[in-house]
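Read through the structure below, which is laid out as structure tokens, and then see the notes.
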Amino acid sequence: MIPLPFYLLLAAALFCIGLFGALARRNAIAILMGIELMLNAVNINLIAFWRYIQPAAPTWDLAGQIFALFVITLAAAEAAIALALVIAIYRSRDTVNVEEVDLMKW
Amino acid sequence: MPDAQTLWLISPELVLAIFGLAILLFAIIWRERVYGALAWVALVGLALALAAAVNLWGAHARLFAGMYAVDMFALFFKIVAPIAGILVVLISMDYLRERTRYRGEFFVLLTFAILAMMMMASSANLLMIFLSIEFLSYMSYLLTGFLREDRKSNEAAIKYLLYGAITSAVMLYGLSLLYGISGSLNLGDVALTFSKSADTSVQTLALVATALVLAGLGFKISLVPFHQWAPDAYEGAPTPVTAFLSVGPKAVGFAVLLRFTLTTLPGLPEFANYWTPLLVIISIATMTLGNLVALRQTNVKRLLAYSSIAQAGYMLIGLVAVNLGGSSPFSGLNGVLIYLFAYLFTNLGAFVCVIAIENATGIVEIPEYAGLVKRAPLVAALFIVFFLSLAGIPPTAGFVGKFFVFGAALREGFLVLAAIGVLNSVISVFYYFGVVRAAFFLEPKDTSPIRVAPLVTLSLVVTAAMVLLIAVYPEPLFNLAAWSMAMLK
Amino acid sequence: MVPFALSLLVLLPLVGAAIVLLIPKGQKSDSLIKWFAVVWSVIPLLLASYLWFVLFDPNASKMQFEEAYLWISSINVRYHVGVDGLSMPLVWLTTLLTVLGLFYSSYVIHERAREFFFMFLLLETGMIGVFVSLDFFLFYVFWELGLVPMYFLIAIWGHAEDRPQYSAIKFFLYTLVGSVLMLLAIIAMYINTSTATTPGTFDLIELATKRPFANDFVFASLAFWGIFLAFAIKVPLFPFHTWLPDAHTAAPTAGSVILAGILLKLGTYGFVRVLVPIFPQVFQANVLPIAILATISIVYGALVAMAQTDFKRLIAYSSVNHMGYVILGVAAAVAIGGANLTDRAIALNGAMLQMFNHGVITGALFFIVGILYERAHTRDLKSFGGLGAKTPVYGAILLTASFASLGLPGLAGFISEFMVFRGAFATLPLIATICVLGIVFGAAMMLWKVIQNVLLGVFDEKRWAEQEKHGVKLYDMTRFEVITLAPLLFLMVLIGVYPSVILNTLNTISVAILGQIVK
Amino acid sequence: MSTDLVLTYVGFFMMGAIALIGAVLAVSQRNILRAALGLIVSFIGVAGIYFVLEAEFVGVVQILIYVGAITILILFAIMLTRGLMQGTTSGHNSQWLAAALLAMLLFAALALVALGTNWNVAATRVSSDLIPKIGAELMTTYVLPFEAVSLLLLAALVGAIVIARE
Amino acid sequence: MDILNDLFVNAQIWLTDALRALVAGFGLAQDAEAALVAVVMTLLSIFAILLFMVLMVLILIWLERKVVARIQDRLGPNRVGPWGLLQPVADTIKMFTKEDIVPANADRLIHTLAPIIVMVPAVLAFAVVPFGRGMQAIDLNIGILYVVAVGSIGTIGIFLAGYGSNNKFSLIGGMRAVAQMVSYEVPQVLTIVAVVLMAGSLSLNRIVEAQSGWGGLRWFLFAFPVGPIAFVVYYLSGLAEVNRTPFDLPEGESELVAGHHTEYSGMKWGLFYLGEYFNFFVMCSIGATLFLGGWNGPLLPPYVWFIVKVYALIVLGMWIRMTWPRFRVDQLMGFAWKVLVPIALVNIVLTSLALPVLKTIGLI
């Protein structure tokens, strides 16, 4: 098998790219995209661990996969809420002034 | 299919789930006609859940292959959560009437948020921790942005969401590392792996992983530097939601943090060398920054936001100084629990005051509070009580909380931390009394009396009474805290 | 025997405050509130008088009228109250000054009367509570309880031109800084006295015998200085005194009276009740710096008072000076050295008597200033003159109080200051010598600034005639003002000529306290 | 090296490269729609990684949910708020440098953990058909989170509709 | 009979053997040999499937025009080749030679990518379709899920086409298409769940095998009452998924010119055209696999049965196209969410309840 750290490094890289996107972007949707990348990276981790790591208790065999499935589900819910909010914001501001609606000024 | 015993043990959660769904169903079928009644349905549900939680007191079980802990520590928070919910429902009714057409849905989300809080308190598994935190977070985002015509509300919600999503992703990475080292999602197994491992590399992993997890939990309890969302969210959210956000997520955030650290970390004794200084720094930064920035606020919701950031810093002292050995009453843990309980009523009470005024006049700016004592004497007077409690001045509940938290710090020898803590509480008096000053000493432009809705008055009286009662007769609360600690010892 | 005597004493004002709140709104409610509050406040005074003059045993060194109930069992907090010779006079003084303050205020307070009398009665509960508490936790609670009403008294009814809100929050924050550090010390002492099997204690009596941190001088010092700071700010000892002039100047007359008469005593009372018995070693080790601070307070307070042009500010600074004597006396009593117990006891007696005297004298002086201000709407010393002839009753009373304040023999101040110096010369001769300067400056300030400026000189007829158009009229004291001041003047004279009425009581207790710490 | 291993390596590097390139595009493209395309590419790459790891079910779910649902949501959001997307300002905020530094720092820490930890790696052990087992686990051991997540989805849906509705 | 039945399987085996023999001459390591053979064979089967699909599409285009013409009482194409059979070829040549126009201000990259993305998922889906016994490129144990998953990618292509054209008709068409496809995916997947319940597996192969009883006629379509309901819902939402009349609102020419591909011409337009027929074909193949027993059937070779069933579904679609008017846009969404989804949900519940009964009486 490929050494486990290969996957972990890939996940770490993806995670950090996503984090950069989430922190550095101006646009709410772009930030959301960065967040989705981060979640994907974690899922790689989870699946890789599931595949490689000897579990402490044998009954927990599928824990990693199931965790990843839940993460994917939650990501979908999160994206739906974010979308709803973005649309609501867009609607409540009559002018399409980029500076005004540019929320992402942390 | 879970057996009857299991269902019994999760009866508070079941009650809330059923009532939440019922409210949703009613709201969809009958729409506006029943909106007034749905709040009462929610109240009944929350009261039943509270009763169910109280009824379970004493239980000690691990359900669903150990992922769900029904113990007194969890039940403590399952008692706290519906109380907060009931108060929030009481203050929401009048507030929402003018502001949204979807009052039924609001109570659905609120009920589910309380359900999520209960689940957080019981989570003893990485998956459950993540899931329940996200559950509560999503409900919070939606509640924050619930007033969709209100631009501030929307903006607050999206900021809250994006910030929350980033931190929870970071936390999730930490959780995945913990899963990786132990091969199991159960906190107990993680602890076992830690304690069995003599490897220093595990130490590094544990440090990185817990630091990442702390990011996510720090977001929920608004610790510096994960606090930036709080002021915006608090200011923009509908005020009852702000009240909820300031106590609910914070309380259960601490519940998870406590369970997580107290379960997993004892396996790594040397770990405290890195972990404690980290927490000390965060604690000091949180309370100092929260207080200093609060000094400059003119919006009362924003002021309370920064104040609640600072409060989280005090509570963290309890975690820093946690020591479950010995028979000392200053174990740190009970300090946090007592503090949380006191803080619940205090901060909710302060927000009830804000709502009482906002409902009638729309005022949230402190300078406009001028002459409040003439317009709404009860509200103005109780503002003092809640602020004194927040500042930790006797005879109020906040004092009792601070007493135990600082006591724990002293017991463990964190003198400087305790000193910084108390000095911070002195600073906080300054801005709290800024509000009092406006309310009592300045001349009002408009002298018309402010009519406070009966339900709001009721919540005011209840919270104020609790704040004073806890101070005068704190014994039951100590016992509650002591018992709930018993399982973690 | 009065059952629950002290609890009654503590609770009565609180009940009164609650009743004040409940009196229904109406046209006459203000006067109803005023008269109710005054009459109600007489009850604690009568009770305290009965306790002190009839039931109290002046020769007993132990606590009297003790009550103790377990309050919070998990941390061994008890509701433990009791009085001894140290606290009994102060309790009585509190009830007296409250009655006088309320009585006076019922004539001069016209705005927001309900809140005023509510706050005042609440304040009384706090003050009495501190004096009777024998449990440090309880002590702390009462200690803080007094803060809020005083804050409001200053901020709401203060004189608008004196920045009352600023002064009030300054008073509040200063006191709070000290008290939170004291809180830490309290908890630390509890933790230190607890063992694996027995809980610690907050009981002041027990702490005095257990002596927390007995083996750990560093921690003992930390705890000592934490508590010291709280008390020193309250006293106020130089350099923590800066809140005092502001607060006094801004406060309404009755507020100033209580502030000077009682609240400052909380600090010195704490010195004697807490610091001396619990931390004798640390106190002894640090006597010199404390005595030096006292010296600075005495000399500097007098000098600065002399430089004032504001009558009220002058009296305020004179309090710094006078309270310095108390600290000097306490320091002298515990100082290391060969002095015998008698010398020390005399110093401590002087300090304790000075506490009582200062309450009486300065309380009177603040009434006097307030009375003048009511008429003239100014406190600028330069604008007065010749009042001795114009308003003879006022002049006589002011003269008496001033003489008492500067320590003229035959009046109260002399006795206590003399005793302080008598003791201090035995243990801290050098410092005592320097402090004599304070007496000189104090006399100068009273004679030169107050008596000369206000009573002597030429009455500026033209100016006051001009002022009269604006509703300002200098007339002599009215009946209620005289009634207010009469008891205080009586006390000044009584203690001045026959100090034994109170000294016996004090002596018992100072011998007892010093007996524990001096071998 | 066995053929399987070679193929695994090839698959890993190919899919990893796709995932990373897509991710870089997603965070660097100023045009938000192109960024979204990069995101899709990255998702597909990640799904490929799952296939390489023999977690086909998760891989397919990844495509179904991420590519089929989440991306659509994102695209919809982009389209419905089109006015916002065509600004002249740059796509990154002023803190991008700090963000980059933070990300790199974090990467260093995570890489340290990934390489430095003695992972308790076990032998190959993927049995042929795990899907029924996943289903069974979801309905037994994980029934509580499963039910919770269904409530969550329902509530999120209701809330999203309330907020986004005309 | 067996020879005919396994014609293509045997061909593959023969080809593999031949290849192996050929490679053996290269003197490679055994591992590498096997790998080479595997790769070549995979490429070959991909090529074969593609070829097959293109052929099918050409036939489909011809067939559609013929069927439509017949329903409208016309003859349809009849000049190019016998019965007009070469008409699609002529069309293709025309498309190749047309100018490729990209509108001004359109996003060129996206404009180009869109038709490709529409095409790709259909091709990918074929990887798991069992054309006959043993005739399946890959037997994924999650086959049906895979089909649904890759099918959802196509939505993005249509969206991009609408967005990237910088044309309001395109944009509206694209939005409508995406909304419609996302909505109808829900009832479609729900009906698939019912089938999965009955078959007990996600693998398409196993699903087909589960229907092999009664001499190859025990189809899920006959699993009364849940099977027919599921089939109808599946087929209707399938039609909507591939944007065919009466669900062709995204390209309703009377309103939107041509919807998302208004601005396309030449080969790119051709790709859309191709993609639509691909998708239609995939939809019908999966329908046949899930409900009509796949390649199961008496007498005839499996692959023939399969083609026959697929074409039956295709002709049904064409018939519907010519006889039903187009939906209105609000009716469209309402139909999905208020009619099909509830039916499908109830059907799932019914299925799980009926499962033991159906098993006992042998319907499944």
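Note that the chains take the letters A, B, C, D and E in the order they are written out, and that residue 1 is the start of every chain.
By definition in this document, a residue touches a chain if its C-beta (ideal position, glycine included) is under 8 Å from a C-beta of that chain, and two chains touch if they have at least 3 such contacts.
Bear in mind the structure is a predicted one, so any value in this text is a computation, not a measurement.
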Legend entry - Where chain A and chain C overlap in contact partners, by chain label: B
Inset, instruction - Check every other chain and keep only those touching both chain B and chain C; list them. - result: none
Legend entry - Top-ranked pair of chains - ranking by C-beta pairs in contact: A-D
Inset, instruction - Point out which chain occupies the most central position, where each centre is the mean of Cα atoms. - result: B
Inset, instruction - Could you give the separation in Å between the centres of chain B and chain D, each centre being the mean of its C-alpha atoms? - result: 31
Legend entry - Distance from chain B to chain A - Cα centre to Cα centre, in angstrom: 26
Legend entry - Gap in Å, rounded to a whole number, between the CA centres of chain E and chain B: 53
Legend entry - Centroid spacing, where centroids are CA-atom means, of chain C and chain E in whole angstrom: 95
Inset, instruction - Two or more other chains in contact with one residue: find those residues in chain D. - result: 57, 61, 69, 76, 110, 113, 119-120, 141-142, 145, 149, 152, 156, 159-160, 163-164
Legend entry - Contacts with two or more other chains, residues of chain B listed in rising order: 65, 127, 131, 134, 138, 142, 145, 148, 154, 157, 173, 177, 180-181, 183
Inset, instruction - Could you list each pair of chains that touch one another? - result: A-B, A-D, B-C, B-D, D-E
Legend entry - Residues of chain B that touch chain A when the two form their complex: 65, 126-127, 130-131, 134, 138, 141-142, 145, 148-151, 154-155, 157-159, 161-163, 165-166, 169-170, 172-173, 176-177, 179-186, 189, 192-193, 228
Legend entry - Residues of chain D touching chain A in the complex: 5, 8-9, 12, 16, 19-20, 23-24, 26-27, 32, 35-36, 39, 42-43, 46, 49-50, 53-55, 57-58, 61-62, 65-66, 69-70, 73-74, 76-78, 80-81, 83-85, 87-93, 95-96, 98-100, 102-104, 106-107, 110-111, 113-115, 119-122, 124, 126, 130, 133-134, 137-138, 141-142, 145, 149, 152-153, 156-157, 159-161, 163-164
Inset, instruction - Quick one: which bits of chain A touch chain D in the complex? Just the residue numbers, please. - result: 1-2, 4-10, 12-21, 23-27, 29-30, 32-34, 36-37, 40, 43-44, 47-48, 50-54, 59, 61-62, 65-66, 68-70, 72-88, 90, 96, 98-99, 101-102, 104-106
Inset, instruction - Enumerate the contact residues on chain B facing chain C in the complex. - result: 326-330, 384, 388, 392-395, 399, 403, 406-407, 410-411, 415, 418-419, 422-423, 425-426, 429-430, 433, 437, 440-441, 474-475, 478-479, 482
Legend entry - chain B partner contacts - residues on chain D that touch it in the complex: 109-110, 112-113, 116-120, 141-145, 147-149, 151-152, 154-156, 158-160, 162-165
